[in-house]
Amino acid sequence: MLRKGQGELLSSCTVDEIRDWNRKHKLRGLVDKVTTVSSAVEKYVKDGTYLAIGGFGHIRISMPLIYEIVRQRVKHLRVSGHTAVHDLDVLIAGDCVDAVDVAYAFAYETRGLSKNGRRAVESGRIKCVEWTNASLSWRIKAAAMGLPFLPARNLLGSDTFEYSAAKEMECPFTGQKLVALPALMPDVSIIHVHYADKYGNCSIRGTTVKDDDLAKASKRVIVTAERIVPDTFFRDNPERTTIPYFCVDAVIEAPHGSHPGNMPHEYYFDESHIRGYLKAGANEGSLQEYLDKWVYSVKDFDEYLDLVGSKKLKELRQLEELR
Amino acid sequence: MLRKGQGELLSSCTVDEIRDWNRKHKLRGLVDKVTTVSSAVEKYVKDGTYLAIGGFGHIRISMPLIYEIVRQRVKHLRVSGHTAVHDLDVLIAGDCVDAVDVAYAFAYETRGLSKNGRRAVESGRIKCVEWTNASLSWRIKAAAMGLPFLPARNLLGSDTFEYSAAKEMECPFTGQKLVALPALMPDVSIIHVHYADKYGNCSIRGTTVKDDDLAKASKRVIVTAERIVPDTFFRDNPERTTIPYFCVDAVIEAPHGSHPGNMPHEYYFDESHIRGYLKAGANEGSLQEYLDKWVYSVKDFDEYLDLVGSKKLKELRQLEELR
Amino acid sequence: MTSYTSIELMAAVASHQLEDGKIVGVGTGLPMIAGLLAQKTHAPNLIIFFEAGSIAPQVPTLPISVGDSRCAHKAVAATGLAGIMETGQRGMIDYAFLGGAEVDMYGNINSTVIGDHDSPKVRLPGSGGANDFGSLSWRTIIIARHDKAKLPEKVSFITTPGYIEGPGAREKAGLPKGTGPYKVITNLALMGFDEETCRMKLISVHPGVTVDQVKENTGFDLIIPEDVSISSAPTEEELSALRQIDPDGIIIGK
Amino acid sequence: MTSYTSIELMAAVASHQLEDGKIVGVGTGLPMIAGLLAQKTHAPNLIIFFEAGSIAPQVPTLPISVGDSRCAHKAVAATGLAGIMETGQRGMIDYAFLGGAEVDMYGNINSTVIGDHDSPKVRLPGSGGANDFGSLSWRTIIIARHDKAKLPEKVSFITTPGYIEGPGAREKAGLPKGTGPYKVITNLALMGFDEETCRMKLISVHPGVTVDQVKENTGFDLIIPEDVSISSAPTEEELSALRQIDPDGIIIGK
């Protein structure tokens, strides 16, 4: 008897739908896609969108886009939570989220659990479907490969499987039991990168986490970049293109865009900011004060950075460079 | 009714076997693996070995290892022929090959068919199982991922499928018909790269073809490199590591190692050499003369390069750089 | 009147089938030439994929292989076979541009073997990336020589499936919906496929070629519509672009 | 006698389980410290993988996240989650080093939820990469706090399977052969697993801890062999290495 998980499949498009989507909606030509944070969010991130976020929860995350989603008060998001940390937590604080495909969430690694995230789940405000980091990565890879599923050898024998939407299957060659992971095609992905050109070619330094596959798997991709560079940056060394331009729908230059998160080779965590946020998360009142100050009262990410201050930004760079 | 191809599976180890192999035989630590072409071939390439070759048939191929396999008169090889060109053809000329998993073989792209390759198949000396370039790449990727198979959407409805060892299957989620491609785990892979360190970390410039996956999929990997570099080359920019060291069993420095093939950013085809070879392939007598001169009568690849001559090598570099 | 060779004419007619701003995966030889010609004329933002892994290169001079360094020159990204074909598998490749030794009335292509598979009369190279491009791209354009042997009723080996046995057969086999052969360009004519029967039909004959000549040289019952036109001859601009692309006449001839 | 904290002792005992020249995938916190300690003492050629994609880094100072730039510092290769876990899936990861909120007698780990899944008493982070590392690596080492609640007979939710319900259960579930929990390190003792029954058994008690104390604080019937030894206390060398690794005492305490 082959088992199946009882969790809901939070995203339901099939590979034939995604083929049709890609045929009709994704630009193939080299076209200038530079835009602004507010118009990209307005255009692509709707109530009920299934959202995936690049990076690793508090490393290389696109905070300009996350803050703007909160600012525009988008609701009922479903979110892919492969090591979701500050990215998801801020969206939960802004009451943007209804459901999460959880691999890791509601916590801040060595800093401990997030009271805000826990409260949202324990009160029933947010529905959780269980996965693992590799499962979500492989689900995304399946979509990136244009496949309806990928087989794997994790998840089996666990309650994580029982509360997922995976299925058991038999290998057509060896007969062995495998898990079948359904493709995950987010409606929108937001990815912060080191370098992008105006067409959307992107380069990431350090670990990619799963962002190369994520860009290919998603119906829409919004990229923020520390720097916009000429396309010769990629044409001179095409090996460094992590994401090819035709995956990307919108490009925005956003230096310091992962603050208060870490951006490898650029700046380290703003630990005091993150600890302040976690403390504010203790109750809804202080959390709303935090959002008022850092999100609702600033017009955009430039104003936010002014609030952070140049001195702090310089310190975070020195910290990253181990000076 | 789900169909299956009638072709033979030329390589038969299962993922559990490869897990055990990897546990027992693959070194994990950072260990100096620099050796010579002759001892690497002697140690790893046996009669009956299933062999895969990196690069693209006449681009970025490891000619020092191919010539040495011929020179050591290894027999009964089974070979993975994803765009196999000069690499496979020389092995056939040396009568080293019994069977080929063919995607593309016995031909030289714009230069036309190879008489030597055709003769070997048409006379029944070599058995062919049919695949396609993507099928072989995905079979290798399955092994690299530690999976017994990968699903795909090519091959269906073709005679290529009928003469392959693939099977039809149904998607556990959508019910749609898919092809199941069995994992391909070569006994030995030989890969020519731009840069390697002594531990086996490798960097490839330009297209990877399938060599990142191939190195992970194979039981043994022998690498030749245009240049051996210090490990800081990789540690300073870990994004450029195409193949991590623990996949690799032997490393040999071999400048001009793809001659007469193209090496991107290094040198272009030696067209007159290749045309001379193809002409020699018209009959067994002239082919043996070619091998006598270029393989059997030289001790090693250094002596071979002397025969090619420095003037020619310089010209090929100028040609590559479009000078 | 401008003079041109049959190969130049085929390259020009082939290039006209490609749209600006679309992605085409091209095979070795004439398909490559036709793609480069389209870029230099009516489709400057046509994006070329080469199966070895190069994306949107700026090909500086005629390559010998679809995987050589010319084909990856100034590409915006370098990936591999799987990277290219997975992009096709998720519906991002608009045109596949293939050659073939035999093409039949349903656009099935043989590039594997003439005669019995296990003891062949002629062993050909096999699929390469053709089956993959042809299975996964939206529209397949085929270039072939036009005679009864090369255009038989049924190919002796389906390397790359066209419409297989007719309407619905691709979908039934499990291939992605809405894909299949689109145009066939030979040295005599340009052909398409009838929407209802999926059979090859004549669109235009090349200058100086008659419909009867085409019928006589086709190994099956080609659909001849009432409105057969004449293919446009290559323009001066196209001929000069072709000579830039292949100055030594390696593919287009001297 | 050297003074040390309970956390320092756990880190030292944990580090002793790792062999030189092997690959370990480590989770956040104490597992990371134990891996770095092993490198600085008896296992200089121990290779650390971090799940976000870093391979064999030279970690310069204590990271906050397994995915931050410290964890990728001077790595020999940078890949992603899939790259790491596929390496594990093909049998290349020798040790997985995990923490857990609950661990039961078969080494099953809960890090997802206390209480009912859909209306939980306490929501924990979930698997992260734990289920993946624990399913695919050869040997899983677990670090946990030692009390009846944290070491129950049966975890309330199996996030990461140990031996599930006993002998043969992993293989029956489809998990790779020959894998499973190997050691458990708590603040009181070092434990292993009985080969025949797959149940947790005591190996050594930490200095100053009695076997009875261990039994009293365990929520199931722990196998107590005759030859229970005493865990080695951390050496001066280990303590000084630990203070280099975590100079601010973020994990090991001040």
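First chain written, first letter: the chains are A, B, C and D, and each begins at residue 1.
Here is the rule we use: contacts are C-beta pairs under 8 Å (C-beta built on N, C-alpha and C of every residue); 3 or more make two chains touch, one makes a residue touch a chain.
If you're wondering where the values come from, they're calculated on a predicted model, not measured in any experiment.
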item	value
Distance between chain centroids, defined by C-alpha means - subunit A, subunit B (Å)	38
Where subunit C and subunit D are represented by their mean Cα positions, the distance between them in whole Å	57
Whole-Å gap between the CA centroids of subunit B and subunit C	28
Inter-centroid spacing, subunit D versus subunit B (mean Cα positions, whole Å)	40
Sequence positions of subunit D contacting 2 or more other chains	54, 72, 78-79, 82, 89, 136, 176
Sites on subunit A at which at least two other chains make contact	15-16, 146-147, 152-153, 176, 178, 205-206, 238-239
Chain contact topology (line, ring, star, complete or other)	other
Chains touching one another, given as label pairs in label order	A-B, A-C, A-D, B-C, B-D
Subunit B contact footprint on subunit A (complex, rising order)	14-16, 146-153, 167, 169, 171-174, 176, 178, 180, 182, 204-206, 238-240
Complex contact set, residues of subunit C against subunit B	28-29, 50-54, 60-61, 64-69, 72, 78-82, 85, 89, 112, 117-132, 135-136, 157-161, 164, 169-170, 173-176, 250-251
Residue ranges of subunit A touching subunit C (in the complex, touch as defined)	15-16, 18-23, 26-30, 143-147, 199, 201, 216, 231, 234-236, 238-239, 241, 244-246
Of subunit B, residues touching subunit C in the complex	55-59, 81-83, 85, 102-107, 109-111, 113, 117-118, 121-122, 124, 127-128, 130-135, 137-138, 141, 152-160, 163, 168, 176-179, 205-213, 262-265, 268-269, 271, 320, 322
Complex interface listing, subunit D residues touching subunit B	20-23, 45, 47, 54-56, 58, 72, 74-79, 82, 86-92, 94, 136, 138, 176-178
